[in-house]
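The structures come next, written out as structure tokens.
Below are two complexes that have subunit A in common, paired first with subunit B and then with subunit C.
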Partner chain A sequence: MTEPILSIRDLVTEFATPDGTVHAVDHVSYDVYPGETLGVVGESGSGKSVTVMSVLGLIPQPPGKISNGEILFEGRDLLRLSNAQLRKVRGKDIGMVFQDPMTSLNPVLKVGHQIAEAMQVHADVPDDKARLRTIELLELVGVPNAEARYDQYPHEYSGGMRQRGMIAMAIANEPKLLIADEPTTALDVTIQAQVLEVLSKAKEETNAATILITHDLGLIAEMADRVVVMYGGRVVETGDVDTIFHEPRHPYTLGLISSLPRLDQDLERLVPIEGQPPSLINLPSGCAFHPRCHLGQGRERCRTESPPLVEVGTAHRSACHFTDEMGREIALIESEMGTAIEGVDQ
Partner chain B sequence: MTDDLRARAPETAAPAPRGGDAPSAVLPAEEAGHAEILARSQWQLFRRKFLRHKAAMVSIVVLTAIVLAAIFAEQVAPYGFNEINVLDRGIRPTVENQHFFGTDRLGRDYFSRVVFGMRTSLLVGGLVALLSTAVGTVIGAIAGFYRGWVDAILMRMTDLVLILPGLAVLLVAAALLGGGDPIKVGFILAGLIWVQLARIVRGTFLSLREKEYIEAARASGAGDLRIMFRHMLPNSMGPIIVNATLVVATAILIEATLSFLGFGVQPPRPALGALINDGRSAMTTDWWLVVMPGLTLVAICLCVNFIGDGLRDALDPTQQETV
Partner chain C sequence: MATYALRRVLVSIPVVLASTFLVFFFVSLTGDPLADLRAAPNISQAQLDFVRESRGLDQPTAVQYVRWLQSIPGDGFGTYLRNDNRIWPDLQRVLGNTLQLVIAAEILSIIVAITLGVVSAKRQYSFFDYSTTTFSFFGFSMPVFWFALILQIIFVNIFLATDVRIFYTANLSAPNPGTGLAFWVDRFRHLALPIMTLMVISVATYSRYMRASMLEVIHSDYVRTARAKGLREGTVTVKHAMRNALIPVVTITALSFGTVLGGAIVTETVFGLDGMGLYFIRYLGQRDPYPIMAWLLVTAVAVVIANLVADLLYGFLDPRIRYD
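And now, the complex of A and B:
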């Protein structure tokens, strides 16, 4: 297998709060390979965003602190780089698309200037060249009338248009890694599809590896090659997208899949995951998922022992003590739903 | 007024499509001539609001006239500021011989003295506004951006300046440095006045640094200086500009106070405060010696404050235009 372009190893990111230290990211490891799209799913507060913020060195310190691990980008540990060195990586080798396009563009600067600036920060590009290249980029991401749009301010753009602008900015320097942090969450459903299309196109154009952070499993099914499922600051399951959707080996993943409404089948009912996402200040002992777990049923081992992430198939890993019982669990859920769980991907 | 109404009509008929994707489709019945709604830029919105602020517009006209008169004092003033006409002593304001503001007991034309006095006052006011804005912005920006110990040191410094008894310090400084020169007076005043703006800018920067677009700028590799001065500063221009205009008025008044007390600009160069002081002894009989420079002072300060008001209203995006 080829070398990963980004390799996160045993990362721990914690935040000091008045109520104690919160481990937002707790010994997380995953790899991103060149050209692939890695989907990262999880509920709010599962540490998806904090992980990539740590990669970019954008964790506010204090109160944040990266206390363990390494982040290897093309073999270099980003955590050991100085601020100035890290700045050369940000926006040049790693591009980032933020969640809310409404607030991610500076309201008092022209959109064109902001995109051009992303180039000029990293290379000595004369203004007229940067302008031409920016207009090209705007056309690439499907902003109509790019020439005139260059000179407009963010408030003159619609939401979808702004996200296109953000994508243009992220790929301006042809990054090797593109991080999209819930790029469609703040958009209308109709616009979402368009933005995803633009994102795929941008990825094709630059051939960048992509980390797609989302809590929308449909998005993952459509876009991702491999999936990382996070819960309570930890990785609970990873595998390629078909495996994850057809043979989940962690009850949380199964819960996510079975709580998803389906357009293609007439479901009897959805099966929600009961309970609340865990509070990071007071994580449940043992397996963080155990209070909500159907499979564990409060077994002693689940409550006391934190399950390690172990190999359960080809390139498929899960952090559950009872992965071998998952087959039975899937059958149970299927009978409850009246349909097979597989086939989410189209 | 009809122009105004016409311009507003489309807005009430249908909210302007902000994206500007298909502006013409939204307004079917509008006449062809002005059917198109143009998306308004920040600057256009600002200009529109500012132009509607009547007090500010009048003030701009008046202040421009005053500033021009001060700059071209030699041409505007019918007499020199120290020119004595022994025959015309103690004359009331009159158009005769062009003694619009009367003359003093030495026979100097008071209108000419006030015009030259305005030059001094405006010079001090402008200089103080410029200096204190520059210093206050930079210090406030650094404190708000870096927070932590940098912030602590800079803010304790501003607190220190803030608790100094202003007038006493000014008098001592003027006495030590020699207050005669308006430039020197300007520097002394700026040294005391920058603190307000430093605090305002610090507060603005503290809130701005948490904005997502600042994080986005950081994620695209922008450095500290670029983020501070290219991304955050334009977002805090509103309060900075408004504060600068208000400082002009404050500085002119303080300079007048200093001159009145005899520590400001020294004779023979006239300053508005000094003129009021000169006239004080003869106030009961020759009232114009106090009233005329006093009114000028009031006019300048009112104009500057109204302009500041207008700017604040126009720059405040939360304040919507009322139709």
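And now, the complex of A and C:
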């Protein structure tokens, strides 16, 4: 297999808060390979954003602190770069699209200028050239009337248009890695599909590897090549998208898949994961998922021993003590839900 | 925007008129403006009657007010009650002096306060931040006259000890200030302490606003976006954060500028500066309604202009504001 373009190794990111230390990212490792789309899923607060913010050095310090790990981008550890070196990576080699397009653009600067600025900070592009290129980018991401839109302010753009602008900004320097952190969550359902299309197009255009963070497994099924499932600041399962959907080897992943609403099912038969996401200040002992785990049933090992992330198949890893019982668990859920797992549209 | 400005000016005319009427009414309530004149030993009843009639003081207040108003276009602000000196030239002079003091103090305050506010916010909870916070509390709580006196004492003592005159502690100019550059150097050495006095409270106030505003902006998503683009921290702070953080602060400074123009009464009194504040106090003591009314009209107009400027600046800084 080719070398990963980004390799997160044993990353620990914590926040000091008045209530205690928030262990937002707890020994997380995952790889991103050139050209692929890696989907990252997990409930709110599972550390998806903090992980990628750590990659770009965007964690506010204090209260944040990266206390362990390395982040290898093309072989260089981003955590060891000086500010000046890291700045050259940000926005140039790694482009980022944030969750909320309503607040992610500067309200007092013209949208076009903000995109051109992303270009001009990394290359010596004269203003008129930057303008032309920006207009091209705006056209590429489907902003109509790009010439006129260049000189408008964010408040004159709709939510969907702003996110297109953000995508244009993120790909302005043809980055090798594109990070999209819930790029459609804040948008209307009708707009979401369009923006995703733009994102796919942008990815094709630049051939960038992509990290797509989302709550939406449906989106993962549609766009991702591989999947990382996060829970309580840890990676609990990773694998190919097919494998993850058809042979999940972690009860939490199975829970996420079974809670997917589908057209051919009654909504009543949805199986949501019971219980609350864990507190990141006082993570449950042993396996952090044990208070909610159907498979664990409060077994001693689950309560006391933290399961390591181990190989369970080709390029498939899971952090569960009882992965071998997952087959029965899937069968059980399937009998409750009908063709729950196989029915997922790939 | 021009239409907007014009409309704002038109709307403020009745406001200014109403406030002048109210003040006119209250000033006339404070008692007989001729009381002092009456008490003078060598004044005859005929002279008193003459003043009363020529000024219309025997008429109802409303009539007096209308007379006063009518006299403004042709007659400037007329003359003082006690003599035939004209009010307008005096008022122009004190207004000019106060403007010099206030403009210098405000500009310096804004520069210092913005710097303090930005650095405090960038280094929240640092030693620097705590120091400026402490300074601000002192600035708020220190009586202005007391600080002014302390400054005077310090600089008089320096003069006595070393025979070097750094700053003067009274008046606007030396008896023979010279002309051109020499004049302005001399003026600066006279105004330095009053400027410092005015700055203490302004810097304390504005820097607090700036810090709060900056803290809010620093943690916003678009500042994170700016950083994610790979911009230098300085560019992120100045171009992306400060530009936004300034919007509320500019409004506050512009508004307060109008208010201070009425005269920094305490400061001007302590330093014996021939400005608006001292002028007002002097004629209030003499119960002469005419200079007071003239002073009020000028101050009210200044406040209206400052409001307008604040609004226009707001629109200039924030493209989301539309004037229509």
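The definition used in the following text is that the second predicted complex is superposed on the first by the 338 of 346 C-alpha atoms of A that agree within 3 Å, B and C clash if a C-alpha of one lies under 4 Å from a C-alpha of the other, contacts with A are read in each partner's own complex, and residues count from 1 in each chain.
The rule we apply is simple: a residue touches a chain if its C-beta (ideal position, glycine included) is under 8 Å from a C-beta of that chain, and two chains touch if they have at least 3 such contacts.
Everything numeric here is computed off the predicted structure, so don't read it as measured data.
With subunit A as the common reference, the superposed partners subunit B and subunit C clash. Contact with both subunit B and subunit C is seen for A:R90 once the two complexes are overlaid on the shared chain. By the touch criterion defined above, A:F98 reaches both subunit B and subunit C.
In the superposed model, A:L56 lies in contact with both subunit B and subunit C.
After overlaying the two complexes on the shared chain, residue contacts for A:E117 are found with subunit B and with subunit C alike.
Once the two complexes are laid over each other on the shared chain, residue contacts for A:Y157 go to subunit B alone; subunit C is not touched.
Within the superposed three-chain model, A:V108 lies in touch with subunit B and with subunit C [touch as defined at top]. In the overlay built on the shared chain, the residue A:H23 is in contact with neither subunit B nor subunit C. Clashing C-alpha atoms with subunit C appear in just one stretch of subunit B from the list 4-12, 22-30, 76-84 or 256-264: 256-264. Touched by subunit B in one complex and by subunit C in the other are residues 56, 58, 87-92, 96, 98, 100, 103-109, 117-118, 121-122, 153, 155, 166, 169 of subunit A. Every residue of subunit B that touches subunit A in the complex is listed here, in rising order: 18-21, 39, 41-42, 211-223, 226, 230-231, 234-235, 237. Taken together, the subunit A residues at the contact with subunit B in this complex read 56, 58, 87-92, 95-96, 98, 100, 103-109, 117-118, 121-122, 152-153, 155-158, 161, 166, 169-170, 172.
Subunit C makes touch with subunit A in their complex at residues 219-222, 224-233, 235, 239-240, 243-244, 247, 317-320. Interface residues of subunit A facing subunit C in the complex, by the touch rule stated above, are 56, 58, 60, 83, 87-92, 96, 98, 100, 103-109, 114, 117-118, 121-122, 153, 155, 166, 169.
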